[in-house]
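Letters A, B, C, D and E mark the chains as written, and numbering starts fresh at 1 in each.
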Amino acid sequence: MTLLKLKRLRTCFPTRDGLVKAVNTVDLEIGANEILGLIGETGCGKSILGMSIMRLLQPSTRIEGEIIYKGQDLLKLSEAEMRKIRGKEIAMILQNPATALNPVLTVGDQIAEAIWLHQTMTKREAREKAIEVLRSVKIPSPEKMANECPHKFSGGMKERAMIAIGLACNPALIIADEPTRGLDASTKEQIIKLMKEVTEEKSMLFITHDLDAAAEICDTVAVMYAGELVECAKTGDLFGKPLHPYTMGLLDSLPCRGLKPIRGMSPSLIDYPSGCRFHPRCDYASAICEKKHPEMVKVEDRHYVRCFMYL
Amino acid sequence: MINRRFLAVLALVVLVYSASVGVMALSVSAGTATEKVVKFAGDVPGGDWGYPSPFGFYPRGPGYIRMSFIFDTLTWKDRNGTVIPWLADSWEMSEDGRTWTFHLHHGVKWHDGEPFTAKDVQFSFDYITRHRTAFKWFQSLSYIDHVDVVDDYTAVVHLKEPFAPFLVDIAGNVPMIPEHIWKNVSDPGKFVDKRAVIGTGPFKLVKYDKEQGYYEWVANSDYFKGKPIIDRLISLSVNDAAAALLTGAIDESSFWGQRAKVASSFEDKPGFAVRWGPSYWVLKVIFNCERYPTNITAFRKALAYSINRTEIVEQVVHGYGITANTGLIHPDITGWYNPDLPDYEHNVTKAAGILDALGFIDHDGDGVREYSDGEKLEFELLTPSKFAREAELIKSQLAEVGIGVNVKVLDMSTLDDILKEGNFFLVISGHGGIANPNILQQPDWPGGTFKNETYSALYKEQRETMDPAKRRALVFQLQKIVAEELPTYALYHPRMCCIYRPEKLDTWFFTRGGVGIGIPIEMNKLVFLGEAKKGEATEGTATPSSPAPRQPGFEVVCAIAGLLTVTYLKYRVGVRRR
Amino acid sequence: MIEVEVEVRDLKKYYTSGVLKKRYIKAVDGVSFSIKRGETLGLVGESGCGKSTLGKLLLRLIDPTSGEIFFDGINLLRLNRKELRKIRPRMQMIFQDPYASLNPRMKIGECIAEPLKLQTDLTKREIRERVMELIETVGLNTEHVNRYPFQLSGGQNQRVVLARVIALNPEFIVADEPTSALDVSVQAQILNLMKEMKEKFTLTVLFISHDLEVVRHMSDRILVMKAGKICGEEPVKS
Amino acid sequence: MTEKTIELTDLRRLWDTYSEKRIGVIGLVIMLVFIVMAVFAPYIAPHDPYELYNPMEPPGPDHLLGTNDIGQDILSELIYGARVSLFIAFFVSIVSGLIGTILGLLSGYYEHVGFFIMRIVDAFLAIPRLPLIILIAAFMRPSIWNLVIIFTILGWPITTRIIRSEVLSLRTRNYVEAARMLGAPDSYIMIKHILPNVFPLLVVRLVVEASHVILAESSLSFLGLGDPTAKSWGMILHYAFMYPTIYISDVWKWWMLPPGLCIVLTILSLMFIGYALEELVNPRLRGMTQV
Amino acid sequence: MHQITKIAGYVTIILAVISFNFFLPRFMPGDPLSFLTGAPGMDMPIVLDEATRAKLLAYYGLDKPLLQQFADYMIKLMHGDLGWSTYYNAPVSSILAGRLKWTLLLIGTSTLLYIALGIVLGAISAWNRGGKSDVGLLLLLLSVGSFPPFFLGMLLIILFGVKLNLFPVFGAQSPFMAYSSPVEEAMDILHHLILPATTLVITHIGGVYLLMRNSMLNVIGEDYILTARAKGLAEWYILRKHAMKNALLPITTMIALRVGFMISGTILVETVFAYPGVGMLLFDAVMYRDYPLLQGAFLIITLVIIAANFVADMVYLRLDPRLRHD
């Protein structure tokens, strides 16, 4: 069953240097209880995609297409209606918990305010609920820690608190934006374990540039390059048998796979290369790649790729 | 929910604020209707002149005046400047002019009901002489030797040497204080008790607020000269007396010099009347008589010819003044004023001629003369900032005859220091009290470079000459020396006007020669005793109009505007993310 | 020639806080090790374990509380400011954030020319030639010379940093998480470039990172640091 | 491409960014008008401001803004007033800025020097400005140069503090450490790496200080502590305020309002410029508003 | 420990200010005696003879060596005795107390108002950055903020005092004698307060507004605001609960610094409105060379400023949880 469906989603916003086309005609589906990984490098538009779903971008941003959540198009909702979706239906865990937590409010308050706002309960009840949530993300002595401000939390604990905020209203879908960024190896493992645990009965869009993390937690993985999806497959298939040259390059540049870099650098989102956006960096590029923009094709069952090699 | 609560609080604040202002605007209270209240204020901002005890007031004219409502002197002056009996009904002077016998008025009572007797007179002179640092308004104390009490109503004042202006400068100036209160006070300056303002005067102090510069007196109904014609007198501090008159905050104020121009705005206004008088004040240029070249009399005369006093009177005081008597005494004081003095009418050629003759010639043709050694003839003209305008004019006038002037503005304390040190050439300064020949003691006051033995001897002689005609001749001579030697060149005497609401009180007058030792203020206590009515008809009365009541409309508009703004801003925040 | 390039003996760096009640934060707490000439020593540890402080201590960017540091047999802590300034070009540092390592108001060319201007007597012309040469060595385009750091990507900036570091032919380099701010594909580029440089200029390197995989790939020997102390070695190959 | 053209394009780029803020352009235009007024005062002013005519003339064809209490042409006074006010403002802000920058750099870079300087700065900042000015002004005799000295004495501490805190943060930047690693002497690091990066902040500070000085000069003149013989706007206001019927007649409209508005406009233009510059300097604020 | 250095700093500053206040006026030309006998160059020519002069100097303790005067002053100060004003002929402490209440009323009300208004308007403005209300507020507040306080005061007097006759134009209280109730008195004081306070509020609000707006613009870009939005919180709630507190943090000390400016503005406003506060007094004290009063007034003003800084520190501590326990 599909929980969230993106249809030809396009997001762009104006800047001094020109129009940034951050998300380009993305089609994506997240099923119930599915964890979808969205991987890509800095500046490929993956965070903007997440924010587009939540409609949390600057007012000058233009979002086109459809975002169908439980049958309704989120883009057609009013701001007030959208507020009821945020946090309660779809929660977002932002990257960098060091800055994403309000430094002057207690962690307990930051969790409770979402609960109190979305559900009919007293502040005290909300507070107790908040402590419950903190306990569920394995914060030691949650009663005490709920009264502390974020600076008393270590990096990993802050990430847990962020997750707790996301879980506070028991949403159906969680959008996690690089939750493991900047964490130490051991902490990262714990967090991934925790996320796996708490999303057992939920759906999640897991945005990351960390291939290992994605491999560990996701059911399905989509690879994004220059504002569009280039490959999408079940996790095992993607890592075991990558089809798109970019995905292959990405995997090869991992230290454990020999540190073989992709040459060149990612294009800016303002003007892309013509044709296939990856062709200037691609070892397999042929004449057509420069001229024509490839469409997404289904190669195997639930394995899609955007490359002329498979047309 | 939350924002609405916040809004409600904001709205409430705005409402309460505006409502309170509105209520206030409607309820203007002003004493009881039957009382006759007169409010006045000085022209200059700052109405505090100190606690009106003889030792508490600030040593300035307005301070003395405020004290004089409460304390009486043995003699007083009427509107013509004639010495009239006050606490003393009559007096006699001994042949040698050293002994004065005063016969006191019977039945005078202090405000606390104690009788006023000759013992109080004795005590007052004694006490004030002993505490000469506390009573700062007086310099002739040293003439007093001692006072004898003959009986309860006769006191005899013995002087060390004859003192011609005794009746005005001492008997008409030293306030009588009650012995039963002050005898135990050791530091009178610090005695600011309620009892410190118990006098015999026509008014009793009921309220004094230093911060507000607020004085309130009530009439002394037992006053021995009769009950004052008003019940309550109030003095307050305003920032702009003209505006305060217009808005009805005060009933009377006075203005002088350039500021007397205010009168033109009130002369035709219904409900107001204006009276004019002299200020007994002079602005003068002081020369350093000990330094070359200002020590040359001819040079000083050349400067006098160069200065166009008429222009100064016209440009700076706009005609609200007269060119000064070069002998300093004010022309209104017919008794002392010497009309036959040179006035150095503006004459550039004459001035240039003198300067040429003295060898100050412009050799290099740059418009500025040089000394014989080739140095430029340039001076600093020092002035307090009040007279910077006059200084500017003099600068341009002296430039015409080839004398360079740099105007340096100083604050008065600094200037005072410089004058004492004699470290100057030209200074502009002014002072009052020119109704009294005392002023001639040191004509270049506050400077002190003019030293002339003949002059000093003459001055001493006139002071001891009890025969008025003889003394007058001596004073004439003194003025002549000042005018001819020119240690100082008097520029102008400003005029003074008093603007008042006749419906409140119309007996105001200017005392010839000034109150006491020469205070020009129109606050002779006789004004409040209705004396003036006997003399002249009141001028310029018209149908009085009361000031417009305050309108609450403005506050309401503000409140509504505030509410609308808040609502709008809230709306903006709300729609922002839509 | 001495076999050991860098040697550290019982190095300590305590930060104090408090006036009445002194509290110490032991950033580096008694560390001893040595690096052989031409060796790359990896240093791993979690964030806050003191590994960056150690890196800066080695180069005397901060002064230690106690201990000794020998560089090429010279006791660095005994040097005065002038002597230190003289020896500094022989050791260099690469920082984590490439943007912060470059003065935002200097063009790339100026940045690379700076060490040459400061430490050599080359003429302007020679400097320019050398800068061009260096730029090409690190795989940048000569047209980048007139750009400002903010006009380049993180990877490119890190290349500029590398060019500047090798401009003076240093012997010893401390690389403090040189790629942790970069994407995987760029990280691979930079790491490979560093390896290349190391071979070409026979550098001795202290490579600091929290990513064990990366360190393994780069180092001859790996030390593990925890709470200011060296707590063991990690095998290079897993 | 030569170095020169690059510098020019840099300027061009700077201007482009600056001119995006309409408010900054407006401020610059107003300021230019006043500068022109100040520089060409003798050619623009209809009369010599010291020349005497009939006092207290209302506005008319001869005197567009009437004459003052001693008959000087108010419009001419106003035009010459721009000279005094602007001269003091710019001179003081530049000199105190210079002192503040040097001390700020030193105190930010060398800790012990910094401690010492900052104690002095604290003491200066704890004493309220205007009362201190009143005291010193009474002490020093009013003249333009003395005002300049007073304002300079009082202006540098804030600049020092601002520059210092910026230097403190810049000092730990990697590129400063990198320069130290290259064996660069302190003076080189300060001039080449730190100064250019505090410069934008300094410019904003100079503009703000200039507006403070204009305000302080006019306040002091208003209190009668300025140079009464100088034709500054504050002094014109002082004489207007002293005039007896200023509140009750129409005189204020042409005697009080114009110099007051000149002061307001100058300060406003400086504030506009400062605001635009600040948005330019503070990258986080950049692009937030389009005014 | 942080507190101790802070307090030591305050003490040093106070000591520095005390000695500065003591010596500077005494090195100025002129002395209090010039004005003890009337205003030189203005009033009656009263010539002090040497004996009287010496007596006066002795009476005010001005005949002793300077250092001994300083020691005497310090000892008196320790006992809380500020001395006796030479010109006003009253204890300095009572003069100051009488004036201070009005200055504090004026400064207090207007400071509270302009800080509150500036913060709220700055926050609203930043929240709507680029919008009409932002541009409008920005232009309006920058414009009114450019008015020198004395000029604005004069305009207000002309418009609301003289032309419309809505407000009294001088003083702190009506010169009428009896109030029927304390409410009436309070109302009267408020009525007098409105114009001067408005002047101060208007001339100072711009500064706080700009500070708050800038700080707020920084805060708005922070991730935790995004987090709050992601929770589905309402805009007004986020502004109030999440953004304002954080935005206030960096500007509390700067606002405290503005109290110094405030005192400057107060002197001018008190002059224009003849408001009986400390500002006017200070000006007169300088002119009259009233050393004890000058010292007292300066000390009080410095203390007020230091108190403001102290309050700012306290507020900062309350606002920033990171400093609370350490």
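Operating definition for what follows: a contact is a pair of C-beta atoms (placed from the backbone, for glycine too) under 8 Å apart; a residue touches a chain by one contact, two chains touch by 3 or more.
Just so we're clear, the structure is a prediction, and the values are computed from it rather than from any experiment.
Novice: By mean C-alpha coordinates, which chain is most distant from subunit D?
Specialist: Farthest chain from subunit D, going by C-alpha centroids: A.
Novice: Looking at B-E and D-E, which pair shares more C-beta contacts?
Specialist: Here the pair linked by more C-beta pairs in contact is B-E.
Novice: For subunit C and subunit E, what's the span in angstrom between their mean Cα positions?
Specialist: 53
Novice: Can you check how far apart subunit C and subunit D are, centre to centre, with Cα atoms defining each centre and the answer in Å?
Specialist: Using C-alpha averages as centres, the distance is 45 Å.
Novice: Just the number, please: Cα centre separation of subunit B and subunit D in whole Å.
Specialist: Whole-Å distance between the two chain centres: 41.
Novice: Can you list the residues of subunit A that touch 2 or more other chains?
Specialist: As it turns out, subunit A has no residue touching two or more other chains.
Novice: Mind pulling the residue numbers of subunit D that touch at least two other chains?
Specialist: 138, 246-248
Novice: Of all residues in subunit B, which are in touch with two or more distinct other chains?
Specialist: In subunit B, the residues touching two or more other chains are 240, 243, 246, 411, 413-414, 576-577.
Novice: Using the touch definition from the top, list the residues of subunit B that touch subunit E in their complex.
Specialist: 2-3, 6, 20-21, 23-25, 27, 29-31, 39, 45-46, 48, 50-51, 55-56, 58-61, 132-133, 136-139, 142, 189-190, 192, 207, 209-214, 216, 232, 234, 236-240, 243-244, 246-247, 249, 384, 386, 411-419, 429-433, 439, 441-442, 445-446, 517-519, 547-548, 550-551, 554-555, 568-570, 572-574, 576-577
Novice: Flag every residue of subunit E that touches subunit D in the complex, lowest number first.
Specialist: Touching subunit D from subunit E are residues 9, 12-13, 16-17, 20, 24-25, 27-29, 129-130, 134-135, 138-139, 142-143, 145-151, 154-155, 157-158, 161-162, 169, 206, 210, 214, 217-218, 221, 257, 260-261, 263-265, 267-268, 271-272, 279, 282-283, 286-287, 294, 297-298, 301-302, 305-306, 309.
Novice: Which subunit D residues qualify as touching subunit C in the complex?
Specialist: Its residues touching subunit C are 1, 6, 173-175, 177-185, 188, 192-193, 196-197.
Novice: Using the touch definition from the top, list the residues of subunit E that touch subunit B in their complex.
Specialist: My answer: residues 28-31, 34-49, 52, 55-56, 59, 84, 87-90, 95, 98-99, 101-102, 124, 127-128, 131-133, 157, 160-162, 164-166, 168-173, 175-180, 184, 187-188, 190-191, 194, 234-237, 239-240, 271-274, 276, 280, 284, 287-289.
Novice: For subunit A, which residues are in contact with subunit E within the complex?
Specialist: Result: residues 54, 56, 83-88, 91-92, 94-96, 99-106, 110, 113-114, 117-118, 149, 151, 162, 165, 168 of subunit A touch subunit E.
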